[in-house]
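Just passing along the structure, written as structure tokens.
Letters A, B, C, D and E mark the chains as written, and numbering starts fresh at 1 in each.
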Amino acid sequence: MARKFGIAAMAMELMESLLVRKPATVMYPVERLTPPERFRGKMVYDPSDCSLCGLCQRDCPADVIKVVRKRIEREDGTKETVGHVEFEMDRCIFCGQCAYSCHQGSITFSTEFELAQADRKDFMMREEPEQVNDEECDLDEDVVP
Amino acid sequence: MTAPELVEYIQSHYDGELTEAEAPLAHDCWVGVPREDVQKMAQFIVDEWGPVHLSTITGNDRGGHIDVIYHFVADGVSLNLRVGVDKAIDEIDTITPVVPAAIMYEREITDMFGVIIVGHPDPRRLVLPEDWPEGDYPLRKDDTGDEEGEENNG
Amino acid sequence: MQVLTPLFHVFVFPGFLFLVAFGLFASWVDRKLIAKMQNRVGPPITQPFADLIKLLAKEDIIPEHANRAMFAVAPLIAFAGVIASAIYVPMWSFTAVNSFAGDLIVVIYLLTLPAFALFLGGWYSTNPFATIGATRVLSQLFGYEVPFFLACLGPAVAANSWSITDITFAQSDGTWLIVAAPLSFAVAMIALIGKLERVPFDIPQAKTEIVTGPEVEYTGRRLAVWKLTFMTETIVGSALIAALFLGGPHFWGIPFDAMAPWLAGVVGMIVLAVKILLIVFFLSLTQAALARIRIEQMVQWCLVWLGIPALLNLGIIIFTTSQAGV
Amino acid sequence: MLNGLVKWARGKSPWVCHLNCGSCNGCDIEIIAALMPRFDLERLGVLLEGTPRHADVLMATGPVTRQIRDRVVRVYDQVPDPKFVVAVGTCGVSGAPFYPGYNVLGGVDAAIPVDMYVPGCPARPDAIAYGVLRLLATLDPDAQALVEEIEANHDTEGLIYTPEQMAAQREGTEATLGESPARNNDAAEA
Amino acid sequence: MAKLSFPIGPQHPALKEPENLRFSVDGELVVDADIRIGYVHRSIERSCSERNFVQDVYLCERVCGICSNAHTQAFCLAVEQIAEFEIPERAQWIRMLMHEFERIHSHLLWLGVAGHEVGFESLFMYVWRDREVIQDILEMVSGNRGHYAMTILGGVRYDITDEMATKIREGVDFLRGRAEYYADIATSEQTFLDRVEGVGGLSTELAHELGACGPVQRASNVAYDVRRAFPYLQYEKVDFPIRTSELCDVLGRTLVRVQEVIDACDIITQCLDMMPEGDINARFPRRVPEGEATVRVEAQRGELIYYVRSNGTDVPERVKIRTPTLANLPASLEMLIGGQIADIPIAFASIDPCFSCTDRMVVLDDVNSGDTETMTWPELVKLSRNR
């Protein structure tokens, strides 16, 4: 007979939830959950000390990053590397490997997760560091940073 | 029974030729057998340790030949049976009469590597969709129409 | 002028508009209660109305090799049946709009019309899920229909009349028939769950097995009519049970005869509305607390646990009334 | 006035049908988690419907594989007008890590037209809710107001791997990568 | 009624994932069942051998959304076994923590879906409401609700700080209480019992013969758990029972899974107590020396096997993944035959199918509409039974 009264246990839980308990709901648009500080949301790239070394491009599993780097000869003979970085953010799987591999710490992840867009072109990002710090880092070093 | 004991047991009791037999870890051992007597070896394993659990069959394109590795669990030890199939011959006979679960994994080998399984009761395409072009084996490293498999979804 | 009041009765008060409005409200109450019981917030009060308008404005698809006529007309039959049955149930005060000696039988028949129409709609929409759903509607019908009829017989015999108005009138002196027929009341309530295809018996509309059963091919306006049918059927079914067992608009403290007729009507309607919402609360509680059982379990369980108590109670009533020589 | 009412009704009751075009079911769980007590999209009128016939919004997840492509198109045709498609998860948006594979045709837009892209791997339930809100914003004004209010205060200051932390990590000093950056932030400011 | 063959097509509310179950039905009785999947085959094996090891970790993680951590564990263990690389002990303990977190999250998810299949919406809602607790812990620790990217080659990416440990302990105690509550709800709620007891039966010999694994096998009274048979990480130091039940039906599987949630809670508290201090990841060489390894891991659904072979470069030569759902499929078809239509979703869901895992590798062909006499899956099952 004990099994017959199982329904009563569930009914009591339901009544308690109906009368006493506050709904466990986050009223999304009004109350917004702040994600924990380790949450990997939107990628933030600050080109200030990026050396266009391409470590991030090599380690990105979804081929999001495209680094273009050229060494050009200024008129006054000084050599300088110049280039740009393209991010196809609609391919990004938010794994954080680029931030982990980057030596200059120029790629970081913010905790912003509301990223819905109406068309895919809004996801593309193109950044151009004005002066590339020339501290050469060799591409094929042996150790995962 | 640990892996080294199992390997010695096979070396002593198995009368066929062993191309490879070593136990790198306590619970993991690798045994190699030539292409012809894969069925003999499978029969030997089943006779010795009863209805053995075949986890899966892995195919691996090693350039000159294709490695077909049978992963068994025999007596608490992970026994991997490696059979080299030369690309020219491209055939291996089936072990389904001995281990029925192999039927599914063998079909996957034919699908992905083009190794024809002789005597297979149900040699249909297993992994790829119906409209997949014939003769194109995706997991093979050499040509066999890889590009065209690539570009039609490029 | 003679034609105006019946039209008013059919279209406005106990008819179309009142039922639809009260049906939407009851459906909101139901969804809100279930949501609250499941510890969440639940939809706003305008939700059923918004769903209805959206469905009415959606594209209406009829599968091409389905039988167009039957597929299109099935929901209308169901809805018409429910609206028609509202005429005989006393909503205003103790008397229904129109009553005659056997209107209890007519109402019970009209309330089974949606089940048959659902079967026809499902059968003619040539979708395998709908076919299986349709057969399930019929097999479930045997489970709850006979006990429901026997349960309704109880109060009829107790009040010695076949008209719902007389039955409610007999209870207006305070002796609710639930006292005389408690088992029948329980059987009627559980059979109502089957009639409205709610969770323990929502086998034809099993969402996870056969994808909402017979309604699978319906979209747009016809789906709106189906949803409306089941909402209004909740109201009429609960009103019927309230009228038969809980004394309809009667409540002890209220001096009905002292009041002006229109005031008595309004107060009666409010009391009946409260009783209907109580029954809806019972339906929501069972929906939240129970899981869906299989079709053969349902039919078996119903015949045993619904049929026998209904018969038993009917026997007791017949015995007591004949004994008392009323 | 009538189509004002209809527009309001469409905005208020988006019935959702979930379609898996080859997803790893991480995003599918998050779609259903959005309907659970914690996020409870039913208060915005969202109902999960079994058949595409009853749905307005088609939540498509996963890269479209070669085999499911024609079934996805068939399901899309079954949805009665006016219909919307929301591509959920990075696989749905662009077919991400799997896309140049021999059996994957790309994101959901390789098979059916998509109205709203919700990236994320898996996309958080509230990110999906935000996607639905933006989709509804075109239909009803208060969804529009909510979206603008969210746009206004995007918080981007919670950075991970702050530059100071990376600098310390490069010299191999004590701040290993594992330390939670928040503490590093205060350390940096202090 | 005429014998009706009806497909539960790729798009169906009961199936969270696309697979095509074709049933021939006599009235409500299921006479024959067949399965066709492969709609989720994303050519992961091929992509794995085109990307370097660092990228492959994230690719293997995305084989399945629910058991993503099990896949990364297996892949990292295989690659570390090839390179004979010893990861720091604290990292091993953190990996075990993530493994058990995900077990709780997956089993609670399954319990909710089982309630949904049977029409018991409240259980679905309550279980998933409690599941948010473990999701918050996972998000706090690893930074994402789904694919955690916590396990990387050479150790673990983030550390468990002290205030996180206290939060984890609170959450786990709460979950332990709720798991016990659900255990007795599942055994006492009468309508749930009607739908779950005696449904989808799988006898012990059949479970053994068809090679079922994980909770499906353990619910048919076969005590086999990879964490005990081939112990990896630090599972020798942690004591937990192998939960079996001799009910051999869906109720048995429910109980085994709920009890495993309780065990996982205990393992987590033990891990937190025994976790030594120390750094959490060592620098893993980018090029892996030549070699191969087969690694078995106890994923939530059963035994997950990874075979990795490397040829000295930083790109693996071959990655082979055999997922537990594939092993449970023949058993699931065996459960469906002879049951009712109403039992199909709950019996099929009782093996907790994860087709994004299975499809990654294998499609079980079905009899196309014409009833050709080629070997269908049930015939194969008969073949293996009367061998």
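In the analysis below, contacts are C-beta pairs under 8 Å (C-beta built on N, C-alpha and C of every residue); 3 or more make two chains touch, one makes a residue touch a chain.
Just so it is clear, the model here is predicted, and its values are computed rather than measured.
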Spelling it out: a chain qualifies if it touches chain C and also touches chain E; which chains qualify? A, D
Could you tell me which chains are in contact with chain A and with chain D alike? C, E
Outermost chain relative to chain E, judged by CA means, is C
Between chain pairs D-E and C-D, which one is joined by a greater number of C-beta pairs in contact? D-E
Go ahead and note the Å separation of the Cα centroids belonging to chain B and chain C. 65
Distance between the CA centroids of chain B and chain E (whole Å) is 25
Using mean CA coordinates as chain centres, what's the gap between chain A and chain B in Å? 41
Centre distance in Å when chain A and chain C are each reduced to the mean of their C-alpha atoms: 55
Of all the residues in chain E, which ones touch at least 2 other chains? 12-13, 38, 41, 43, 46, 58-59, 62, 122, 125-126, 129, 143-144, 147, 157-158, 189, 191-192
I need the residues of chain A touching at least two other chains; which ones are they? 7, 10, 14, 23-25, 27, 35, 38-40, 61, 93-96, 100
Multi-chain contact sites of chain C, meaning residues that touch two or more partners: 35, 37-41, 207-208, 211, 288-290
Which bits of chain E are touching chain B when the two form their complex? 38, 41, 43, 45-46, 49, 81, 208-209, 211, 229-230, 293-294, 296, 303, 305, 307, 309, 317-318, 320, 322, 326, 361-365, 374-375, 380, 383-384, 387
Which of the residues in chain C end up touching chain D in this complex? 31, 35, 38-44, 46-47, 49-54, 57-61, 207-208, 211-212, 215-220, 223
Note: in the complex, chain E contacts chain D through residues 9-13, 16-18, 38-44, 46-47, 58-59, 62-66, 68, 109, 125-126, 128-129, 131-132, 135, 143-147, 156-159, 161, 279-281, 354, 356, 359
Residue ranges of chain C touching chain A (in the complex, touch as defined): 33, 35-41, 285, 288-290
Residues of chain C touching chain E in the complex: 34, 37-40, 128-129, 131-132, 135, 199-200, 202-203, 206-211, 287-297
